[in-house]
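Next come two complexes, and both contain chain A; in the first it sits with chain B, in the second with chain C.
Here is the complex of A and B:
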């Protein structure tokens, strides 16, 4: 997921006849790359071309002898499924903001104060095992008789109805816990490069803590923050299982779920593919932005 | 976040304030660590509950009994994917780092497209491909492996590229000067030096493929349900059950043990710049 900056070795240009050797070397290189390229073309690029193609046909006519080409699927998305697009973007934005607001302090403390960093890193892999188990577990944690039930009863929240009373908050929380490690890693990478003496200098010169943050820390770490935000956003755009298990009808209007229902349950491949194309465009825009801003130095 | 030092203030007040901030900071870290682990621990706890009351290993007996095929399939697909990823990524990394190829950035971007495609989009587009052109492998073991390989080989490629870039060419040159052949140099000198990068790739592939369910949901055939997909399917149809909780516990526990082993043997430095940072 990292964009890797590649140093091209400088080809020797001293003697005559190097040109043909360069050619041969380039050919060997292409040969070595061939399996990777073939796999990527067959199983990644061509399927996406099919997806675009199918999105321009009516229902499942693509698979019959005379596919009916039409823009109706996109018109339908524009007229009826725009709320799905907005819900996808809204949930992704809110979850990524949650990650940013809670992840920045986390990363700061981790970099500056914590000695047991490896323990944190190891425990942080649990959300990375995937949103399926995570959401499944969160259902138990906040469900009836969950481990936090006494706590919620103590602060006056009814733990028995917690899951159903706050579907939006629960969904955003579930998405945020899954992407939290991505945010933390990016901010940690950025903060590690910020010299702590700069903060001390600012403090000695009379800055208040929040001024140290707004004038020194944040400006120096914002590329990492932005990269982290966009990566979280990209992951959250494809959210599928979290709203399914934690949200209600309102949150389940996300593109991934809708395209699954349309294509795989109702066999309306045209509409499902069109939703897929919209989702793909959103995701690629976000990826392009994050690669631009992170300048290849920071990684997912 | 950072403590204020009130200049000239009473020193006892100052140090107790510092203790308090420091304590709060550590409490914040531990709160999040609890949040990371709590879903897993609660799942384990629920998996031990017997529907009839009390506690039992019934869920695990069920998981290792009825879901045995699914667990084996998950392991098989993961291992085959790892092997194929290694075979594809090492030559590709060599080509990208050591060979003058035109349009390197574009090629690398094209190879990474699958990483940036949302799971549902990838699943749907692959299911279209298998239905329309590759019906011979539709729903089969190899369809799953193909999807996993294309989705994860960039995760192997990146650590190997990073390791290869950090590896000075002098080792290989020295071996060649001392009379080792091209293949011998590669197998005895360079690949062992790349080991940690390759291992990082193996870890990433394992964690993702072993737990993947979304792409699998779109392309798996009737007889090819991986363990993660089994959890999803039962969840979608029948809701929560101790047997799926047991299966989810087993999957997470296995993944965690693999991660722990990796950290124990290699430390975290070879994961820099990758998904597990």
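Here is the complex of A and C:
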């Protein structure tokens, strides 16, 4: 008897539920992202477009009656304010390096050695109260008749002119103190994820301390170093009160200070906005370059 | 009991003599341990009773130019109750609790209403204008009911009005609510939109007269004996602008002549700049460095000399330049559409009153230094006799006489200044490398 194979029809699988689930998934994703997108549009994208728009106008006001669109503001920055751009980059870079040089060992000790690290972390965040307070504090400490004046006089440094004799150093120091916590916190986060046994293994295999640092510790903590450096650099690009109060002509020649003067004192919102766009482009460029050269280290 | 009563009598007499406010009576009474009944008996005296006779509307309705309405005393009280607060933009150093308390007490005493004075201070008054323009551009209510800042900022707003074809300032003067404006010399008024509250403010040179005896005019800032001993205000606002105008005048030039301006800037860049230890925008730095002898001269405002003097630096002096000073006084002006126009006008009137022009340091609870910051010369003839005894002997060392005000203090064509100042600053800043 021939075997009869009955091809039992399989009822078509309903896709109604799947589609609904897919939609729900998609909607959930969009729904979760929506607040962030809305906030980004309102507080970031729209102001950015507005800033760029104003930067392309000459002698514009908030009234925008018959704005004249031009690239003159950017031309002026190129012709007149390029030294300001370089000074801005120089000070921000040096201050960020200062943070790295002193912040890395500090972070290492904090992670590996310090018993009350939470307390130290809390104390370390004090500079974040603001560059204004910090700068006045530094000026008081290092200034004429400040608490360190006897010490400086004792070692032969004229405390009356200390702030004026070393304006570059004082400015970089002031900028670095403010951003120091950003560097330390990022490096601490990175070092916390580095297994201490890797260092021990390297030492056991004969590596010297500097080799442990350069071949094990630093490469593994690189994402944190980079993140810390970028944040420090970004902050230091825009800070103007520190160079204003601690610097002299050479340090006061920063874009943020020129921006403040042009926009807030002289009401040239077009040029001020153009300077703002340049500062932002600087920050974006550095971030992009760093990500590129670190091969996505931040993503790891 | 008899002794207690004598004590209360003595306290009341002292409070009357020192023109205590009702709030001060309560505070002092509590501090002295007086009972509530005793304090109440002092407050019941006519000197501390609500004094509606001090209101401009005491004799009858007065015109409010903002609404165009005649307002009786009761109308004003109702308007104050409805407004409840007023926001004034001024400078950092005058935005003190003493001033706020005194004005609030004044409103309470005269109108029987408790109000809040939001008194804002900044060292960069231009930020107020940015906020005003931003609000006007967006069609919002202006953030300040009244601005009390330098005259050039008033001119800047007027220029903005003209350029943009918009109305930013209210025509508030003359006003029945501001009768004290009639006491002010005409050259300190900009009717219908503004009235001065300072008479002798001027950017200038404050110096240490123990170390410096060669300053006579603005051009002496180039004297090589000042090398590394001069603290200069950063060019970019009216403080630096006043210095530039002064230098041009000292060179015999005219700030309306571009060649003279160019020569003035060249002089500041090539002759004065080498003497500059530092450029600053920080008043406290100027005070500290002058007091500590790090610098011998500071280009700032005339008030610095008397502040330093009253702070114990007796060798601080202000140079009234041989070629004259440019007056850059504080003016009060009200943005159009201000949310609290009645209280703003009452504040304007109060600011020109005897009490606010020549504060009693004991009544106000302020230091002599604070007083020197509030006081800025005679606004009119009716103020001349108000100089308090404690400073009478040295008053004219730091403040000009009415005659000097008319002979040595020059006025500025602010419309011209506003139109050209930005280019001047640019040239000057570029010259010194900024």
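The working rule: the second predicted complex is superposed on the first by the 236 of 300 C-alpha atoms of A that agree within 3 Å, B and C clash if a C-alpha of one lies under 4 Å from a C-alpha of the other, contacts with A are read in each partner's own complex, and residues count from 1 in each chain.
Keep this in mind: contacts are C-beta pairs under 8 Å (C-beta built on N, C-alpha and C of every residue); 3 or more make two chains touch, one makes a residue touch a chain.
Given the structure is predicted, the values throughout are model-derived calculations rather than measurements.
Of the two partner chains, chain B is the only one touched by A:22; chain C is not. By the document's definition of touching, neither partner reaches A:195: not chain B, not chain C.
In the superposed model, A:118 lies in contact with chain B only, and not with chain C.
Counting the residues of chain A that each partner touches, chain B and chain C differ, and the larger count belongs to B.
When the two structures are aligned on the shared chain, A:63 is found in touch with chain B and with chain C. By the touch criterion defined above, A:261 reaches chain C but does not reach chain B.
When the two complexes are overlaid on their common chain A, residue A:153 makes contact with neither chain B nor chain C. Legend: residue contacts after superposition of the two complexes on their common chain; A:245 is shown touching both chain B and chain C. Using the contact criterion defined above for the overlaid structures, shared-chain residue A:144 touches chain C, although it does not reach chain B. In the superposition on chain A, the residues of chain A touched by chain B in one structure and by chain C in the other are 62-63, 139, 244-245, 263-264.
The touching residues of chain A, when paired with chain B in their complex, are 1-4, 6-9, 11, 22, 25-26, 28-33, 35-37, 39-48, 50-51, 54, 62-63, 102, 105-106, 108-110, 113-114, 118-130, 132-134, 136-141, 146-148, 177, 180-181, 185, 188-189, 199, 203, 208-209, 212-213, 234, 237-238, 240-241, 244-245, 255-257, 259-260, 263-264, 269, 272-273, 276, 279-280, 283-284, 287, 299-300. Taken in their complex, chain A has these residues touching chain C: 61-65, 80, 83, 139, 143-145, 160-161, 164, 244-245, 248-250, 252-253, 258, 261, 263-268.
Against chain A, in their complex, chain C makes its touches with residues 124, 126-127, 129-130, 133-134, 136-138, 156, 160, 163-166, 234, 236-237, 277-282, 285, 288-289, 292-294, 421-422, 425, 429-430, 432-434.
Residues of chain B that touch chain A in their complex: 1-5, 22, 25-26, 28-29, 32-33, 35-43, 45-46, 87-89, 91-92, 94-102, 104-105, 107-108, 110-122, 124-129, 131-132, 146-147, 149-150, 153-155, 157-158, 161-162, 165, 207, 211-214, 217-218, 228, 231-232, 235-236, 240, 244-245, 248, 251-252, 255-256, 259-260, 263, 267-268, 273-277.
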